[in-house]
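Written below as C-alpha cells is the structure these notes are about.
Going in written order, the chains are labelled A, B, C and D, and every chain counts its residues from 1.
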Amino acid sequence: MKSATSPGIRFLGIRFSGTRFFTAALLAAAFTAHQAAADIKVGFIGSLSSDTGRSTLRGAEIAVDELNASGGVLGGQKIVLIPADTGEDVTEGIKAYEYLAESEEVDFIVSGSIDDVSLGWIPRMREYRIPTLDTWTSYIGIIDMVIEDPEAMMPYFMNIASDEALATLYIDFGKDVLKGQMGWNSVVILAEDTAFGGAITGLVTDALAPEAGIEVKEIIKYDIATVDFAPIFSKAQNSGADFIYLVSSVNSQVVSSQYVKLQVPMAMTGVNVSAMGADYWEDTGGAGGGMSTLSPVPSVGFKLDPVSQAFVDTYRARYKDRPVMPHFNGFNAYHGVKQAMAAAEAAGGFDDVDAWASNMKQQDLVLELDGQLWLRYGFWGDDEVEPRTGRKYPHNIRFDITEPYDEASPSMVVIQWYEDGTTAVIYPKKYATGEFALPSWVK
Amino acid sequence: MAIVGANGAGKSTLFDGVMGLVHTRGDIRLAGESIQGKGPTFAVGAGIGYASERFNLFPYMSVRDNLLTGAWTARKSIEENLLRVHTLFPRLAERESQEAATCSGGERQMISLGRALMSAPKLLLVDEPTIGLAPKICAEIAQSLQRMRDEMGLTVLIAEQNANFAIRLAERLLILESGHIRAGGQSEELAKDEGLVSAYFGKDAGGFEAKEGVKSPGAAWT
Amino acid sequence: MLLQILIQGFLLSGLYALIAVGFTLIFGIGRILNLAHGSYLMAGGYAFFWIGQIIGLPKIIGVALAVFLGAGMGIAIYRLIVRPLKGDRIAVEIATLILAVILQAAIVLIFGSSSKIPHPLVPGVVRIADTPIAWSILVATCASWIILLSLYAFIRLSHTGRAMQAVSMDPKGAAICGIDSNRIDIIVWSISGGLGALAGVFFAGYTQLSPSMWVTPLIISVAVVIVGGIGSIMGTLAVAHIIGFMEVIVTTLIAPELRGVFTMGLIIVALLFRPRGLFGREEI
Amino acid sequence: MDIGRHHLALWAIAAAGLFVLPSLVGSGILRTLILANYLAIFAISWDVLSGRTGYISFGQPFLIGIGAYTTAILTKRFDVPMEISIPAAVLVTMVGGLIVLLPALRLRGSYFALVTLALMELCYQLVQVIRPDITGGTRGMSGLPTLTRGASNGYYLSTGLMLTIALTAWMLMRTRLGLALSAIGMDEGAVQGAGLSPTRLKSFAFLASAFIAGLGGAFYTHYLGSIAPRALFDITFLFTILAAALIGGSGTVIGPILGAFFLTFLLEWLRPLLPGAERYFVYGLVALLLYMYQPAGILAIIERVRVRLFGDSRSG
C-alpha cells in the first residue's frame, strides 16, 4: 500500500502546482479582461524573435507610449499593446490572430508579418473585421484582393510600397546605373525558391530587358536549404552574364558571405533582405561588403527628417539589443499606429470599420527635410491610377516612382554596403549619400 | 570440475550468474570474496574467464583482434598471454588475420577459449566446449583444456551435456537438474551410481538422452 | 566544368562525412538513431560564434569550447535520455526529436532567430583549376579527412576502439571480455557529440548559424546511415561522397532547386530496395 | 449491466455540456477547443497506426498534407464544391498513401520511421517545385472556402467530427481486429503464428490511419482557409502530433484526445505569460518530461487519481 500511495502524493504535488499555474493564468486573463473595459487594445502580430517583427513591435510601442503620455486617445483612454507571436509560421499566425481577436478582443492590429503569414490570417481579418495595418509584407497580391473585394478588405491597410512598385523603381536603377553607368548588358538572376523570391524575380525579369535594356541570360533558382553555393556561383559565372542579380530573403547572409568568401569575380546586386538592417554587418561577421540591395524607405544610410530622427533617437535610447536600428517597418509602425489612432478619433472609435477606413484613407503625413518633401505617409485613393504602372493601389501607401519624387517618397532606395562596414544610399540621386561600388576583387 | 545437466538445466544461467550478466539472488564467492552483483567487468578483473556456449565472438574482427579484445582487463601481459594462446592453439596463429565470421566451428571454439585466456584468468568457465563439434576437434579441445589445468594451473569449470566427455576430463562433477543440484562429488564415485549413470551417461559413448521434464528453464538457482 | 564538379564534390563530401560519422557511431553501437544529432552542430557552431564574435577570444578557444560542449551534450543525452529509456530505440528517437525542438527554441531565446555568419576559420581564397576555394573550406575538408582517418585507426587499433567494435558486434561477448559497456557508451556518445560540434563549426563556415540549422545535417546523417547501412565508417565515407557529389551534380547540371528532392528520393529508394543499405554489415 | 445506465447518464451529461458550452465560455476558449479537436483527430490517426502496431510513423503530416492539398486544389483551382472535394481528398489520401507507404510497411522499427520522415520532407520539397501554379508553391494557397463562420459553429463541427472519429475508432479497436492490431505491436511473429496475416492487418491499420488523417486534414484546411507547405510538412507539426498521442497515452483512443487538449491549452495559456519563443521551450520541455517520466501518459495519471479518490471500480 505504501508504495502505491507515494506516486499519488508526488502526483498531487504536480497537480497543486498545476492548479496554481492555472489560477495565475486565469488571474492574468481576468486582469487584462478588466483593463479591456476602459482601454484601447492594440494587438501586434508578427515574429517576436525576428528583427523585422521586433522593429514593428517597438515602433508601435514607442507610438503607444507617446500617445499615452499625451493624454491617451478617444477621450483620454489609455492604449495597451498586446503582442502575439507568429514564429513566421502560417498556422501559428492564424492562431495568433484568433487569439488577439477572440481572447483579447483587440480594437486594432498592427502587423509585422511576412507575406505568407499575412496571407494566412487575412481570411480571419475578413471574418472579424478588425482594423489592421500591415507594415512588412509588400505582396501586390494582397492589394489585388482589395481591388477585387473592397468590402471584405475594408479593414486592411498596407503602409509599405508593394513589391511591384519596388521592382519598377529598381528597373530605373538598372537603366541609370547598372547599364548607364557601369555599361552592363546582361544579367544572371539568382533567386531563392520562395514565394517572395518568385514574386520579385517575375516582376524584375519581365521588365529588365524591355525597360532597361539588360538581357536576362539565365534564372537560377536555388533551394533555401542549400549548404554550398560554390556550384551555384560557378553556374552563374558560366552563364557569361555581366553581373548577378540576387533575390534572397531567407538566408541572404549565407549567399552574400559565401560570395565574399569565394571572391566571386562578378558584381552582385539585387534584393538582400538581411542587408536592409543595420545588424547585417555584425551578422555576417564583416563578410558582407561590396553588396548592394534595394530597400523600402527609410533604410540604413537614409538621411532622416527631424520627426523620424526623433523616433530613432528614442528607439536607440530605449532598446539596447538588436535590431540596433529600426527597419523600415519600425518607422511604418510608429507613424502608422499614430495615423490609425487619429483615424479612430475622427471616426469615433474602431467599431465602425467603414468609418475608420474612410478616415484612415484621409491620413496624410508629409515629412520634410531641408524644405522639400522627404517621406510621406498617406494612401492612394480608391480610384486613383498610378501613371507609370497604370494601375490602382487602394489601401496601399502612396509612393512616387518618377523623378523628382515630389509627390511622395520613392517606393524604394538602393543601399550600398562598403567593405569597411559603412553604408550609403546610392539611388535615387535625390536621396543618395554615396556611390555605387564594386567589391575590390571584381575587376 | 564439470557441471553436468541437460539442456535447460541451468548451466549457462549459472555461468551467466557467476559473471554477473544476469541478476541473481544469494551469494557468489571467489576465493572467499563476494563478487555477487558487481557485474561482469568486476568478475573478469577478479580473474574469471568465460568461454560462452554461443562463443559471442566479434564476427567482423580478425582472429587476432578478437583475442586482443579479450585482453581488455589485462593489458600489461598481452604478448605473454598471446604467446600462451598461440602455443595452445597453433591454428589461431595461422589464421591471425582471418575474420571470425569465416572461421569453422572448432576454430571459433578456440578463439572463444583463447579470448578468455587473454584476460589471464585464475578460474575459467567453459560452457559446452564440445557442442556441435566433430569428435576429432572435441579431443583436441579436451586436450587443450587439460593443458590449461595442468600446465597453466587454471581452475577450469566446464558445463556439459555430454556426461561422458565431462567424466573423462574432470576430477569432480556436479549434476544440475532444473536449476537444482542433484548430485555432486568425485567423478569416479559418481560414475558408480547406477541411477545417475542410467540417467546421464547412457549406453553409447558421447550419446545423450534428455529426460522428460528437464526442459523447463531453471533460472531459480540460489 | 567537370573539374569544378570534382573539386566541389570532394570538398562538400568531406564535410558531410564528418557530419554523419558521429551519428553512424551511435547507430552502430546501440542501433539507436539520435535525432538530436543536428543539435550538436548547432551548439558547436553557436559556441564558436559566441567565443569569437561576442566574447572576442581567439578562434581556437571557440573550436575547443565547441568540441567540449558537444561531448558534454553527448554524455548528457546518453545519461538523461538513453539510459533512463533503457535503450528503447523508438522511445529514444522520439525523445531526441523532442529534444531537438527544445534546443531550437533555446537557441532562439539566447541568440534570436536571425541568421549569423561566423568568421571563417582561415580567411582568404585559393584558386585551383579556375575554381575559387575558400581556405576555410579547404581546411575544413582536410581536417575532416584527418579526423575520419584517425578515428578509423583509433577504432581499428586501440583497445578502446576494439572495445567499441566489440560492443557494437556482440554486447554479451564484450561483457565477458570484461568490457564495461556503459563506459564505452559514454565514450562513444562523447566522441559523437564532440565530432558533431566540430562539424558544426565547419558547417557554419559553409553556411550560417540559424535556429533551424539542425535539420539539414540531420537529414544528411540519416541519408548516410540509411544508404550506407549499419554504421560502418568506410560506408559513411563512401555514402557521404555519393550524396555530396549528387548534390553538386544536381545543382550544377540539373536544377539547383531540386537538390533536396534528389537526396530524399535517394533515401526512400535505398530504404525500399535495400533496407540494410549498400554496405550493410554489423560493424563500426 | 447496471453500470450501463450509470454510464449512459454520464454520457448524456457530457453531451449536453458540450452542446451548451459555447454559451458559457468566451470565443477565445472555443477557438482553442477547435484547434485541440483537430490536433486530437491527427493524434488519433497517428495512434491507430503507430500506437497500436508499433510501426512508428514520422510521416503523419505527409498523409494530412495529401488530404489538405487535394481539397485545397480542387476547391481553389477547379471550383469543386466541398461536398465532393472532401470525400475525394479522403480517397486520394488513402490511395496515395497506400501506393507510397505500403511498400514501407515491410520495413521495421527505425527504418519505417525514417522512410516516412523522408517522405514528408520529399513532399515538402515537391510541393514547392512541381507545378507551383497549382499547388501555390512555397506560398501555398489562401482564401480557400471555409465550412463555418464564427467560433461556435467551428466548435460544433470540429467537436462532432472529432467525437465521431473517436467513437468509430474506439468501437473498431474493441473488435477482434483491434486486438489483433495491438498484438502486432507486441509480437508480430506470434500474430503470424496465430494464422492472421500481419501484412493485411498493417494495411488495414494504415488505411484507417490514412482515412482519419485525410478527413482531418481536409476539414482542417477548410477551417483555416489557407494552406502552406511550411506549416504542414514540418517537423514541429510532426512533433506536436507525436507528443499529443504519446503524452496522452498511446494505444488508446481517449489518450491522444487528452494529450491534444493538454498541449493545445498549455500553449494557449502560456501565450499571455510568455509571448515569444520561450513558450515553445517550456512546451517542449513539458512534453519531453512527461514522455520520459510518464510513458503511459496523462491517462495513467488520471486513472491513478480516480483509483485514489473513488477506489478501484473493479474491486469496489
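As a convention for this text, a contact is a pair of C-beta atoms (placed from the backbone, for glycine too) under 8 Å apart; a residue touches a chain by one contact, two chains touch by 3 or more.
Model, not experiment: these values are computed from the prediction.
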| item | value |
| --- | --- |
| Contact distance in steps, from chain A to chain C | 1 |
| Chain pair showing more contacts of the two, B-C and A-D | A-D |
| Distance from chain C to chain B - Cα centre to Cα centre, in angstrom | 42 |
| Length of the line joining the C-alpha centres of chain A and chain B, rounded to whole Å | 76 |
| Whole-Å gap between the CA centroids of chain A and chain D | 35 |
| Whole-Å separation of chain centres (CA-atom averages), chain B against chain D | 55 |
| Residues of chain A touching at least two other chains | 49, 193, 223 |
| Per-residue overlap in chain B, given as positions that touch at least 2 other chains | none |
| Shared interface positions of chain C, touching two or more other chains | 108, 113, 215, 255, 257-258, 260 |
| Chain pairs that touch, as defined at the top of this document | A-C, A-D, B-C, C-D |
| Chain C to chain D touching residues, read off their complex | 31, 33, 81, 84-85, 89-91, 93-95, 97-102, 104-106, 108-109, 113, 215, 219, 222, 226, 255, 257-258, 260-261, 264-265, 267-268, 271-272, 275 |
| Residues of chain D touching chain A in the complex | 26-31, 35, 125, 128-129, 132, 137-140, 142-144, 146, 149-151, 224-226, 228, 230-231, 234, 236-237, 268-269, 271-273, 275-277, 279-280, 301, 304-305, 308 |
| In the complex, chain C residues that touch chain A | 1, 4-5, 8, 11-12, 15, 53, 108, 112-120, 125, 131-134, 136-137, 203, 206-208, 210, 215-216, 247-248, 251-252, 255-260 |
| Complex contacts: residues of chain A adjacent to chain C | 47, 49-51, 88, 193, 220-223, 225-228, 230-232, 234-235, 238, 251, 253-254, 257-258, 261-265, 274, 279, 282-288, 322 |
| Residues of chain A touching chain D in the complex | 5, 7-8, 11, 15, 21-22, 24-25, 28-29, 32, 48-49, 83-85, 87, 89-92, 94-95, 98-99, 102-104, 115-116, 119-120, 122-124, 127, 145, 193-195, 198, 223 |
